[in-house]
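Each in structure tokens, the structures are laid out below.
Here chain A shows up in two complexes: once beside chain B, once beside chain C.
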Partner chain A sequence: MAKSTTPRAAKNARTNRKAGRRSPLASVALIVIGLVATGGAYAMFTSSATANTATANSTLTSDGAKLFAANCATCHGMNLQGTKDGPTLIGVGAASVDFQVGTGRMPLAASGPQAEQKPVQFTANQIKALYTYVASFAPGPGIPDKQYLGGNGDAAKGAVLFRTNCAMCHNVAGAGGALTEGKYAPSLAGVSAKHVIEAMETGPQNMPVFNDNNLTPADKANIVTYLKYLDKNPSPGGLDLGNLGPVSEGLFLWIFGLGTIVGITIWLTAKAN
Partner chain B sequence: MTTTETPKTVLAPTRGARFTGAAANYIDERTSISGLVKELGRKIFPDHWSFMLGEVALYSFIVILLTGTFLTFFFQASMADVTYAGSYIPLKGVDMSAAMNSTLNISFDIRGGLLMRQVHHWAALLFVASIGLHMLRIYFTGAFRKPRELNWLIGFVLFVLAMAEGFTGYSLPDDLLSGNGLRIIDGLVKGLPVIGTWTSYLLFGGEFPGTAIVGRLYTLHILLLPAILVAALGIHLVLLVINKHTQFAGPGKTNDNVVGVPIMPVFAAKAGGFFFIVFGVIVLIASFFTINPIWTYGPYDPSPVSAGTQPDWYIGFADGALRLVPSDWGFMIGPWTFSLNIVAPVLVLGLFIVAVAIYPFIEGWVTGDKREHHIADRPRNAPTRTAIGAAGVTFYAVLWAAASSDLIATHFGLTIEGVITTLQYLLIFGPIVAYLVTKRICLGLMKKDREIALHGYESGRIVRLPGGEYIEVHEQLSDYERWRLISYDDYKPLMLRPDAKGRISVTERLRAAMSNWFFEDRIAPVTRAELEQAHHSGHGAIEAAPESEPAQLH
Partner chain C sequence: MAQHGDGVTAPEGDAVHGSAVTTALAVSHQTVESPGTAVVPTDPVINPGFPPHNPRMTDLYPEKAARAARQVAILFYISIIGSIFAVAAYVAFPIVPGDPGSIRINNALLGIGITLGLLGIGLGAVHWAKQLMREDESVELRHGTRGTDATREKAVEVFTLGNNESGIGRRSLIRNSLIGALVLTPVPAVALFRDLAPAANPVPLLQHTMWKKGTRLTRDPDGTAVKATDVTLGSAFHIIPEGLNDREDALEQKAKAAVLLMRLRPEDLHVSEARKGWNYEGIVAYSKICTHVGCPVALYEQQTHHLLCPCHQSQFDITHEAKVIFGPARRPLPQLPITIDSEGYLVAQSDFHEPVGPDFWEREL
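Right, the complex of A and B next:
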């Protein structure tokens, strides 16, 4: 704001001076000068604030650069440009790095059909340093706003969206499912709201991107609310057998249901010794 | 029961006995039921665990009837649009059909409703599973032979009806899973050449999903199918009584008698108790384990499909066949495309099912055996039949596994393409390998039995003879144990003989070839002469061969 005001104000001042050196316009000039001074001061103040943040960021960025060079650069390249073993990270955004590193998928343990989830390798601060560093190269999806993470949206709307957009890979109960060539959609049980939203925004592995035009932040918050509901509320019908549908039900019935019954028939027809 | 025996002592009957007698007499004079009770009450049932599997099916059917009646009080078979306002939070305000709405209300807002739903569904799974196991028992013991071929056919019809009942029931709640299932059926029907589209429109009353299908399936599910099922079940049980129960060979058990306990009072008490045990097991499972959580599936909407969408287990083999058919099967004639993706699996499954239905008649024709059989075979003693059964089971099992190919892939860290390809090969070669291996195992076991019957079993006692020779003492079996090993039917390949006109027909040739296939490899049962020979040839002190009973039946 301040920057854009400055040239217009200056132009106004010039025209005023050209129009004549009569005293009635002096007050206008005074106001203009006052405005310019205020704007300039504001601009100076803002820029000095930016300088402070930049200092903090530069520490993070340099930490991130070191971590990146040590853990990521082999595949992603020293300048994030990518190599034959890994894609470029220019423009992937903080959200992508936070998701991949924060869920333990990166650094990759071995190349395979897709990155496996494993214990997280870095502390929260290190992860922050890494994503700050990567985000400093080019803009991309940022860390999701806290207001969407609380799980206070509308679970019913979230459930409808989930069934339409997510269930074909992740299963209606978020239990996960198979994709082609050994890839799979992982289970969503216990995944943090932040990571769920980051995954929707960045589309890790084989997942499509659900940007804010596709699913608004409120929609995403509703989906998170539904997933939290599933996590917190066990199935009303009893143990859920992994939420895998009729296969686990049939398997259970054959092994434990019919198994029990056959055991009982053997007991009933056993001859007394 | 209703007899009026004169008491041996002069004691006057008590009041209770007098009342029972009077009441029984009253009923008998008006219905002549005493004859039936006398006949049925003395019906004998042999005791073996595998003879109770049909009972399990019967009892789970009763449980299904009881809980199903409860569910009909609250279920609305309508596809009219309503907005859910019940107590399950993640569906509040969602539009759905009245069927789904009422099923959710049964689950969450009607006292005991969820338990009843789960008992109904688990009992249905157990019903079909126990029928399947019962059929396998009948098959592998040859209990389908004359005079029971018709009852096999009726039992088969019951199995198909049970699957139809299951599928129609699965589709009623109009949740996402059942809608996806119906969509597959719709695709299946539409895939049939020429008549497909019209049949689909007829079924669904227009374009899928329409607004009619739930109501129609409901009528089938609670009216038509159960009526046919109960009728067929009645005939099945009447034939069971008329034909008597089979029994395994054993001392005193012949083709002309049935050894066991009478219905009244022992069997009735056992069976009654067993009903409650089966009921109890089902309720226990239903209380602790969720089945078909329609609340997570949500209302049906043609756009979403969930990962891991499968039919209930008994339709799984059909789903598996659709998954295994190569996706590029088809050809073009001029401008018309002929896709085999649906027709091929439907034909294969049709042939498989028909083969199961008519197997008793095929085997009867091949053996040419017109005798009645009331002694159940031990599976090993009919190697070819057992091997064919094993091949059939393998075929079914592969199709069944294919229905869960995606879950096999995710849970064992495999690629879904790898799983499908493996299962495609297994579908062809699995039954062949199963056939060969089973047949050899059966023949090996028969050889072992023959050896034991002739020479006894190795006792592990080594004796040194005065001459320095070491021998292992063979213990002889008791007559009772031996009887079990040597009494089985021996079939030989049919001789090809010209008929009255001196010609050999093609059918006869086929029959002789089939008979040769069935009985070419065989281990003959031990004959009496062989037994005597073995026992007199001397393996130390040996008891004499059985004198009174023939060692061979035929």
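Right, the complex of A and C next:
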């Protein structure tokens, strides 16, 4: 029974659907749906943009409080006061939270020499809720202004500042480098301008703070411009081998250069058979 | 082969006769042709002779020889193609000013072309020699370096003639004045090169830097002064003395006077009695020049307060007055005593109390 009727029922349904799609009212319905959707979305966006910022912030703050209680409070305490497992977050500012959570360093996966970068656990809105919540406790460095993120500063000035302030740890080409006891300065290739500036302002983990009195926002924009220049321009010297200087280049030469010489020497001195 | 074999068997076990009996080879090579040899060895290194000669495949089979010849020619053709490719690539992918990527592709293709051009010739020549050229072993004996008696007499004659014609042996006034002139010609060079040494005694230069009482601490590289309030907790500032950029010897001075400025919690600092008042509210300034071999030490970890030298991994603990906690450095980094002036800018109290940087002979300590 079931076997014989099911295909026919399906066929009927299919013809009904086809008839519905061909109905003269279909295009009208489609237009109506489209208009309603567009208008609704427009209304939603404009209303959120023009809504009272206080109420928006309060919803963000309450969302952030829930997210914080669920994901961060174990180590940082319910009132951000910190515990023996994590530092206090009072006064760290929105920039710190955005950097740590936005690069996936927080929530911490495991305790180690330093927090590892990993896939980001939250959406952009959740991150915004979190940093709004944390920043509501005490003032601290805020999210950097968009005008400094475009990479339209002076790359040459940025390079000078980078060499003085950043290159000793992050390598002159931004390739990163080792620190003490398993800690390291990460590579800066492909790191977003916002996260670079937030790191300078807040000094995540063992990185020193480079506040706006040390490197002005314009200086920071120049450094970002230099980093973007490095990202966009390949090394003129060919294979950069990780930009690690004599370590990787020496290893390459030891293995491949000497290997080639040894191989050629063996071939040169071997008797023809 | 057979005659070498005979030569080998003769001296074996004949040590009783000492120098009197040697092989034909040893006699001809060592007693006759080397008159300067005082000792005739009784157990000379025995000439092992040639290994058995094995003909190559190319000697036995003409088609193999023809194949090897083709391979050599192909290698030479590869060289030709490589050289032409290098020129073509150089023209087709020029270096565009301002575009580093164009340098990269230009260099890479040019390098590949020239490599093929050279390697093709080299590999072809070696392959040719190994597979096709005559390959039976042979010996070429060395000849003495002494000229024939006729040549030697002729040389003596030329010198004697020169002496007679110029009279250099006879006219001692000319000869001696010429010797004097020749000896003195290099003297100006001594005077010139002597000036390449540092004009002043380098020891005081090593013992003092530009810092003195009241010199403001300014940012590297732009030389703007730093206020104590600018240095927030966890900050690290790279510092040069005020006025450094205006000096003609700015780089020489910077190499000694560069300073790293850090702010820690005052309770984290372990200050010895002699250095009380050298920091300002937890703001400390240390020489950036490593006491090991003078690399710039600036890898500051703001949580552990360790300062790492990237060259040889010396580590300094800022909380304990830059004490060495790891690595080859022997002395702590010198501390610059700082305070603030009436406008709130950070200033040095004095120069460093000890020479900065690595050891030198005249350093007392």
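Observations
In the analysis below, the second predicted complex is superposed on the first by the 215 of 273 C-alpha atoms of A that agree within 3 Å, B and C clash if a C-alpha of one lies under 4 Å from a C-alpha of the other, contacts with A are read in each partner's own complex, and residues count from 1 in each chain.
Simple rule for what comes next: a contact is a pair of C-beta atoms (placed from the backbone, for glycine too) under 8 Å apart; a residue touches a chain by one contact, two chains touch by 3 or more.
Fair warning: this is a prediction, and the values are worked out from it, not measured in the lab.
When the two complexes are overlaid on chain A, chain B and chain C occupy overlapping space and clash.
When the two structures are aligned on the shared chain, A:78 is found in touch with neither chain B nor chain C. By the touch criterion defined above, A:244 lies against chain B but remains apart from chain C after alignment on the C-alpha atoms of chain A.
Judged by the touch definition given at the top, the superposed model places A:159 against chain B, while chain C stays out of reach. Once the two complexes are laid over each other on the shared chain, residue contacts for A:26 go to neither chain B nor chain C. For chain A, the partner with contacts to more residues, out of chain B and chain C, is B. By the touch criterion defined above, A:235 lies against chain B and chain C together after alignment on the C-alpha atoms of chain A. In the superposed pair of complexes, A:113 makes contact with chain B only, with no contact to chain C. In the superposition on chain A, A:214 makes contact with chain C only, while chain B stays out of contact range.
In the superposed pair of complexes, A:258 makes contact with chain B only, with no contact to chain C. In the superposition on chain A, A:37 makes contact with neither chain B nor chain C. Working note: chain B versus chain C after chain A overlay, options 188-196, 350-358, 404-412 or 458-466, clashing stretch identified as 188-196.
Chain A residues in contact with chain B (one complex) as well as with chain C (other complex) are 160, 164, 168-169, 177, 179-181, 185, 235-238, 268. Within the complex, the chain A residues that touch chain B are 113, 155-156, 158-160, 163-164, 167-173, 175-182, 184-185, 226, 229-230, 235-241, 243-247, 249-254, 256-258, 260-262, 264-266, 268-269. The part of chain B that touches chain A in the complex is made up of residues 47-53, 56, 88-94, 107-108, 114, 118, 122, 125-126, 129-130, 133, 176-177, 270, 274, 277-278, 281-282, 285-293, 295-298, 301, 303-314, 316, 403-407, 409-410, 413-418. Those residues of chain C lying in contact with chain A across their complex are 54, 56-58, 100-101, 103-104, 107-108, 126, 130-131, 135, 219-221, 226-227, 229-238, 262, 296, 298-304, 306, 308, 310, 313, 315, 326.
Looking at the complex, you find that chain A touches chain C at residues 160-161, 164-165, 168-169, 177, 179-181, 183, 185, 203, 205-211, 213-214, 233-238, 267-268, 271-273.
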